């Protein structure tokens, strides 16, 4: 049951965020869980957070890099339209598809498609969903330098409770292990410009505790699969969350 | 990744049907997949199909027993209100909870809750969902002879395409292996009184082929989990169904 | 396009109501439209309205009979549990299935399944939906005196705006013709015990006007089909409601 | 019931596809059904399929033309943003509205709005829906060369099972006639670059067979109306799909 | 803005629970908020919790009485079918309607209608919704001893996170005041048989904290209105929850 | 309960429309209700209606100005992409956010997000929703001339019945007072170029009458809140709409 680092289950993880702290707040506990198990993780951050109320772009880039190190991930910044300016353009999806072809991930994590949140979040989610398709199409001229790549699964994460989709059944990932929670918390706190004056870290820990109660563990994080999950047998299909 | 017969993943499977052929038509391929892997399976059939247009109760009981043998499952018949007469009564849920405590399953399969199908189907689904809870409650006098039992997961199956819920994300189980499809087909055909004059077997194979195309395999069957699935890591969370 | 009285399109219409005025208020305009075209219509009323605030059972039975005559329909009263006491029992569905086998309708009209209305309404809707199935099952002992019957389509009507389902696409029936509106209004006003002190008639005319505006006609009534509609060609599939 | 070629029911059909094979795979059986009944059909294809893995633009244009001939339709290619590059722009909707004014169709067919499919599909669906409105607005300068036109109905088709909307009740069109199925299959196979190595044709036939089973016929194709359907009477409202 | 005890806004509150601790865990903070403002509150508890794993009926009755005193409410126990045996019967709805006529509440609180929770919860919710209607009907013989009563609003509360409806927009009630949180916590802890070994109190406080974060206050509890809210002006329509 | 002009409940109202008559037709009765109570109201109209079938831009600007005076509101016209050309661009949302910072409203009213209506309507709704967020973000360079502003609540209005969202619970505002209805009607009729040949005024009055019947008043208008409503107590949470 424990896959070794070279097994296909450990194909790289690619996580994308619209702002420097989105990945960490939305699913940082899962990232550290996976990198500790030997999976490579790569972050793509699509703005410098320059429209936010707190922190300069330079500070925020530094915080994101520090946090990625804590979570065991590599990181790159991608220029699209800038913070609070992101639009759904085919050219952006193609740029993201090029990254998919380069990183060749098994799992992709993107912000959820719920529209009633920061507009950059759902737009990036849509762009990533499109990118995962475009990465497979053999005829795209912009991408011809790299062979097509088919990912294993696209999961959406929710940066805030409001971003949780109500039309996709979630899967819950157990992040209760002490070292996971410690690393996740540290990664969130590394975004000092965002957390000093606000209760963002507490918000995420409260969410994870509530989902953990539901899942019968101490802490859990929800992901929302873009496609039905395929299993070879029921033995692989997990257990149900409810504690009767 | 291949659990041995004594592993906790192989706790018994309990499948319930309102009529003698519901389990086979709805998810027979999954049953044979599981029993071949060493899991025990037990069927509870809640009528003799006496209201159906074809077949006598005696014939139908015989067909169900023969089919259960083919699928590697044990079978029992439970008297509730009779075919086409099933009602949602607390006493029924308690009877079913007693079976849950006796069989002590890891996985429970029940007909879906979609109401626009044979009324016995969705009512049995509701009763089983309630039974799975009642099996855990320590104070129920009717059940005090057996200790409480908490199941691992309840999945719903759809006897017909119309019975597929639109508000639960399905999981797809690969049943493409030649011996699985052969056994499943034989188990459906064992219900000779139901299949001689109608295209029920073709209907199920067509559905499985369509889902298989979606899942990137030859044949697949959908199950609909009653609760979010809990995983220890992304390596266990399966892969997505879509063939881009 | 104009079916003659003996054509299959003019198989009898069966409309069911929980109270003496439900059919008239919910879809009376459609009834008169159909009987004027030569279709037979039969009403089954499942209480005497004895729990209502206004009118005695005797008055209400008289009003319903008078209204049925105006609409060109025959009428019978069926004893189930009584007004405000209706429950979803298998025995009721079987009684209703017997009526389906006797009347052998092409079209069945029943109150909608929306639960947040008078509880008798949605319960009767569920019972009728089940009855339409049971009428087809050959093995039901209670029904063996009459051969099985398969209806053409079950439509739900909404007695009040709140009863309109939000999960079924409606079809809109044009009832603008002067004589239709006049007869429908008279049939509603025949329920004098219910309409003298309240604005029920105005409510229905307002609804029909609003739907008519949407449909590009003067007045329309919505029905909600229980199953997808089947057409031999697009020429039969109607036109869209929106007036751009 | 059989409309002659000049009847209003036979106003031209306009079908739009994002790629050269979308119309054929999504609803080709309906096209041949309609043209055989005397209706004119016109295809607008909005890319050359140049981003696809198989086939050159030149091949694909040839295949589409050949297929259109088989289905009895005329065809034109419209330059928008190119394959896998389509965006929702007002200028595109206006171009499409100009085609609506030129063709003056009774029925319009467009790919469904479900977003989790090839991004060009749902975007074209949105553009067509907008175009159907804009075609009616008298003040649009770009369109002033042609008088406004109001279509009869817009239906969405689903290129793949995943593209079927879950929030619109479908209508099912019977395409069982031998010559219809034969022509439809030939039209799909005309897209030889797409079908030689993949099971696209089988996928569509399997879908049509499953829907046919539901509709009580051999093969059926689902369409999803953008607006409630308006009927003059119940005799026109079709029959229900379920085979009890 | 502060209504005095005799104002119409302070008509009595009636809260119903299926088990002795449901009201407290689901919405106890709101109860103490209202009774502190001068509103009368009355609890109806529909079982003794005798099917639960912990606590005897005698203990649980005592705990419920103690807790009601803490919250400033009166309490009565109503015999329906017993714990884990509740069914949706017309006779139960009529019994509850009689209580509505006796208490004559402005606001009624009942467990939510979500079915995937303890079956008694959603069934009581349905019965209360029906009871609120039946209380208005003038002709019900069983109720003729008391005049009809029309409540102001029915709100549903969620005993657990899973019981929160996804199809009703919630309203959030601010319960942050120190004395409210203290009393609510004490009322939950008064159910000592249920809380000693489990984290039920923490679960509710975590939920309230998460909703509070959303509402821009420290703690909040969600209620789900059964009907659209009616306001005389926008000044009364509250403010939005999201903290941008 | 009656707020004086200077109370925080009477912070300015900002209403936005895509065309010169959208605000009046969608929620004009609420505007006059609020300005009569002493609240300031400001309209932003994002085109001159130049794509419409009737009226010149000059006429329509004049009608909008006249109507705003009748409703007691100030008005400005904002150039975005022009009538029937509106797109969802980040630059537009920022322009609108600048207006939010300038007007500093308590309540914002925008057209609903339902996509199956005039495309400008839902696009403006999305832009306003985004603008309400962007107005709070401290780092946006384009907005640095004005301090951030957090609105109290965003409500959507529906210009036509089809534009009413089915996934948000509405709130109903009572507009029955004679002077309110008179002013609203006059404001709609001020758009003489739009109303002379069509039944737009009747449509809105019919809608308001139907909602009024539901709310137990003579006329009501529905608004759809973008966020859950927050209340300090149940006394403020309104009453339910249904007239049992």
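A, B, C, D, E and F label the chains in the order they appear, each numbered from 1.
As a working rule, a contact is a pair of C-beta atoms (placed from the backbone, for glycine too) under 8 Å apart; a residue touches a chain by one contact, two chains touch by 3 or more.
Everything numeric in this text was worked out from a predicted model, so none of it was measured.
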- How many links in the shortest chain of touching chains run from chain D to chain E? 2
- Query: Stepping chain to touching chain, what's the minimum from chain A to chain F?
  - Reply: 1
- Message: Show me the overlap between the contact partners of chain B and those of chain F.
- Response: A, C, D, E
- Query: Where the centre means the average of the CA atoms, what chain is farthest from chain A?
  - Reply: C
- Farthest CA centroid from chain E: chain D
- Query: What rotation angle, rounded to the nearest 5 degrees, superposes the C-alpha atoms of chain A onto those of its identical copy chain D?
  - Reply: 120
- Task: Since chain D and chain F are copies that touch, just let me know if over half of their interface numbering is common to both, same, or not, different.
- Result: different
- Among A-D, C-F or A-B, which chain pair copies the contacts of A-F, with over half of them the same by residue number? A-D
- Could you give the separation in Å between the centres of chain C and chain D, each centre being the mean of its C-alpha atoms? 35
- Query: Distance from the CA centroid of chain A to that of chain E, rounded to the nearest Å?
  - Reply: 38
- Listed in rising order, chain E residues that touch 2 or more other chains are 116, 133, 136-137, 214, 226-227, 242
- Could you tell me which shape the graph of touching chains takes: line, ring, star, complete or other? other
- Item | Chains that touch, pairwise | A-B, A-D, A-E, A-F, B-C, B-D, B-E, C-D, C-E, C-F, D-F, E-F
- Message: Residue numbers of chain F touching chain E in their complex, please.
- Response: 1, 3, 7, 9-10, 13, 30, 33-34, 37, 39, 107, 132-133, 136-137, 150-155, 167-174, 214-217, 220, 222-223, 225-242, 244
- Item | Residues on chain B engaged by chain D in the complex (per definition of touch) | 116, 161-162, 166, 199, 202-203, 206-207, 209-210, 213-214, 242
- Note on the structure: The residues of chain A that touch chain D in their complex are 88-91, 93-94, 113, 126, 129-130, 133-134, 136-140, 148, 226-227
- In the complex, chain E touches chain B at residues 49-54, 81, 83-87, 115-116, 118-119
